[in-house]
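Structures given as structure tokens follow.
Look at the two complexes coming up: subunit A is in both, with subunit B in one and subunit C in the other.
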Partner chain A sequence: MSEIEKGKMWDVIVVGGGAAGFTAALYASRRALATLVIAKDVGGQALLTQHIENYPGFIETISGSDLLAKFWRQAEKHGATTEIDEVIRIEKSSDEFIVRTKQGREHQAKSVILAFGMTPKDMGVPGEEKFSGKGVHYCATCDAPLYKGKTVAVVGGTNGAMDAALFLAKICPKVYLVHNRAKLVGDTNLVAQIAASSVIQFLPEHTVKEVKGEKFVTTLVLTGSPSTTATAGQASSGNTIFGDEELSVDGVFVEMGHVIKTECVKGLVELDATNAVVVNARMATSCAGVFAAGDLTDADYKQVVISAGQGAIAGLEVYKYLQRKAGKKAFITNDWTT
Partner chain B sequence: MSEHVFTDDNFQKEVLESKVPVLVDLWAPWCGPCRMLGPIVEELAKEYAGKGITIGKLNVDENPNTATKYHVMSIPTLLFFKDGEVAEQMVGMQTREALKKKIDELIG
Partner chain C sequence: MSEIEKGKMWDVIVVGGGAAGFTAALYASRRALATLVIAKDVGGQALLTQHIENYPGFIETISGSDLLAKFWRQAEKHGATTEIDEVIRIEKSSDEFIVRTKQGREHQAKSVILAFGMTPKDMGVPGEEKFSGKGVHYCATCDAPLYKGKTVAVVGGTNGAMDAALFLAKICPKVYLVHNRAKLVGDTNLVAQIAASSVIQFLPEHTVKEVKGEKFVTTLVLTGSPSTTATAGQASSGNTIFGDEELSVDGVFVEMGHVIKTECVKGLVELDATNAVVVNARMATSCAGVFAAGDLTDADYKQVVISAGQGAIAGLEVYKYLQRKAGKKAFITNDWTT
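Now for the complex of A and B:
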């Protein structure tokens, strides 16, 4: 908190530190707006891509992390400040916004840009949060190599889950693939590789009930359907109807896809049926002073260049909004006119 | 001197037996967040050179023993050592300001 003045009124708070967020912060800070970026993680989904070949200007491939490191550095070079924290609530208070975070901080701003993208879907079971980063992981690409020689479980049935299981099978003696449906549906090549693997044990029609351990994860508790529980031959002697199964594991990789987590703005801005933030062509949401950019919007394409473009619009529109609010001329006309 | 490179072989001498606090950035080339944090740690290594702390990195792929010993399960992980013991641990992305604050606390 030392660098952030208590009670400071920011011109704009950008929520999210990916391509959209840092571009919005770059454009806002270049307009001399006091700009704070609050991000749970920095880099966003671009970090999952080793080789980006379609970001204009980089003829040779660039990794997502190298590209986003440049985005971050450029935004800060022009004056934006970054805080690593998670925004849990944004409220409108008369003409301003109160942004509350998980670490108990409260920031004030004249405007907000939502750019927190998509979040890995969690299991929503006991023990999951406690062991997050200490045995429960949401990015196999990031953390799987640390589980070399260990027993792990992958939860999910997406192509990402199959990819993760196949990668882990190369370095681990035993990999469980836990899926709540009867069959894996997705890339047929991946499904065939899973079926052929002697390391991967597929557990269909099982759901995760709990993650257990002491300091680190030791056990994954599953609930199976009647048929599969019978197959597994591990019907519980307890009171549960179908029985629980306990797997001894060192790590759990949750690969259930991504969702837009918009709890922090529920009631503040309009969301569509998929939970995406509804924006107009100027990246304005239904709430005056709140703009949005990137993967959390209802735009059809989830691409770095599109997120960056939307972020640029949001940054410029925030400037225009604040100028107008202050009774000044906006000074940004269409930039192709004189 | 700027950033040090720690290994399983030199860890005992350069980190655990160090007379000054040591900040170790555990990373790997395949880890996206590590590659974003790396330049910040490098800058701080230069900035704090000769100021009572050693700052360096350890590649967990090439030095698995140290990563295992300290139960590193997610990277980037930053371990702050003082008198051979872990005084502080930070997991995941950090800002330059947050790191500086932690370093100043440690050497203060």
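Now for the complex of A and C:
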């Protein structure tokens, strides 16, 4: 990360630091475009996996964080600049774009590539935001190691939540699995492992009401559903607790899935019913000068190599867009002949 | 390469051994599909480059052949089988596909992924096919080292041909550059280097009439255009030769660009005016069960990571296609939750 020159006009700002974002930045910077990447973190969705076996070129398994660190270093090697910050609003101002961040910065660019992927769904309860990173986490693969020997809760009831609970059960003496429905939904294999675990206590039909603590999380306040008694199968397991209840925990892993959060570009580009950014085959959005790639687009594949391919297209298309705007020829020759 | 079981019904046959083909095979075999790759060679278009700097994950430069060897080994590690052969015809037979090869084999599959990329344009003159691989070559990056200290000719007049001539000039005492037009077309920088070379002799407005030899190429027969004298700038360089002329050469590098050769699927899938295979965003062709990825599609990006991304989509879509055909659920969960 480098000190950003105030008032600088970037050729392109890439929003997001995952596979799509860094590949877009790599391609844009190799075309000599002044390229700024603004990312909340380095890695994106790939951080969620420890073992990537299907990114071509890496025959042995590689972790998402190791692979994406390479993407990052490669983009910077070719000239891209990275800023760790969160984009809260992107506006069009005459022919340029203003990108506003959570840290109160305002960046200007001639074009934008949206590549900030998906965001973990939050619980939306008091204390959640306050303790985010201080006991409340959204990525067990990333942060579980901090809770070795501690008591934790996982919130959610699908494959991701079960996977997180089983992973945490290897290093924690007690893992609560809090789910607002009666049954877990997902791979039979995972459900069976959860049932067989002596470490994991499944709490069906319970919702989190509040996260409490001092400096760090100490307590999770739960509300049990009155209908719990109706699900005999679960109730008979002896795991159910009723009414408001406080659980003493050191950490809470929210594993409720992911959503596309595109509020920062609402009104700027066309979104579909799921808030995904609508793109064409050239990764162009409905707004000239704004391109998108990866998990936030309406192309529904969540794979590193597919996001990277889309990022490369977006990077090349930004170059062509800027060339055309400058009245220049936008022909892109193949890499092996130039 | 393994011995292929006769009469075996493959789930999918991938035609082509480049970035798109091996990534498609990787994804298909990871979905436990019986996957056969039929390829003329391992590497595809990526073989044409010695230094790939823009494939994300490889910060230091890697050669196309090294990178694609990794793609190949990874696909085989996950279960794909590779056969070195050339597909000459693909036919639909009731609900399946028959894939016929140059070596006279006949393979059967439930689905096909077309990923055989582009083919170097040939000269179409007598002796060319006979001496192919015996003095006639289509990839200077691949085969130039065989001609160290020898006399060679490069046929063509754009960036690819200039690049090949300059590369050969480093290891050969004499390099002819044969071009059917008066001027070279491409990067000014390359044109200047050609002009400055004492090794390269530029022969404008000459076409190759025949390739002659015994076991290997010995002679290139050229026809000069009568209009050559009109281009004073070139003629004054003293490089021009007139009428039919024989050049003594040890090797000929045909660098006339690449074309999409899709004769083997004519009538099976929709092609555009350039013979490219028309695909939708899911890499499906006009024929159910046939998908396509990479340089032979009408998506006009010739980049390893983009072809790989398309290959991944094709592999996943084949899986969904076969699941649906079998009346099963075709939902693909993310890699990090399964």
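Heads up, the rule we're going with is that the second predicted complex is superposed on the first by the 313 of 338 C-alpha atoms of A that agree within 3 Å, B and C clash if a C-alpha of one lies under 4 Å from a C-alpha of the other, contacts with A are read in each partner's own complex, and residues count from 1 in each chain.
Convention: a residue touches a chain if its C-beta (ideal position, glycine included) is under 8 Å from a C-beta of that chain, and two chains touch if they have at least 3 such contacts.
For clarity, every value in this text was computed on a predicted model and none was experimentally measured.
Once the two complexes are overlaid on the shared chain, A:323 sits clear of subunit B and of subunit C alike. By the touch criterion defined above, A:48 lies against subunit B and subunit C together after alignment on the C-alpha atoms of chain A. By the touch criterion defined above, A:197 lies against neither subunit B nor subunit C after alignment on the C-alpha atoms of chain A. Looking at the shared chain after the overlay, A:218 reaches neither subunit B nor subunit C.
Contacts of A:207 after superposition: neither subunit B nor subunit C is touched. In the superposition on chain A, A:141 makes contact with both subunit B and subunit C.
More subunit A residues lie in contact with C than with the other chain of the pair subunit B and subunit C. Once the two complexes are overlaid on the shared chain, A:251 sits against subunit B while remaining clear of subunit C. Looking at the shared chain after the overlay, A:310 reaches subunit C, while subunit B stays out of its contact range.
When the shared chain is aligned, subunit B comes close enough to touch A:63, but subunit C does not.
Common to the subunit B-facing and subunit C-facing surfaces of subunit A are residues 48, 64, 73, 141.
Subunit A makes touch with subunit B in their complex at residues 2-3, 41-43, 47-48, 50, 63-66, 68-69, 72-73, 81-84, 133-135, 137, 141-143, 145-146, 148, 215-216, 251.
On the side of subunit B, the complex with subunit A involves touching residues 28, 30-36, 39, 60-61, 64, 67, 71-75, 91-95, 97-98, 101.
Contact residues of subunit C toward subunit A in the complex are 19, 22-23, 26-27, 30, 45, 48-49, 52-59, 64, 67, 70-71, 73-74, 77-78, 141, 158-160, 163, 186-187, 281, 299, 301-303, 305-313, 316, 333-338.
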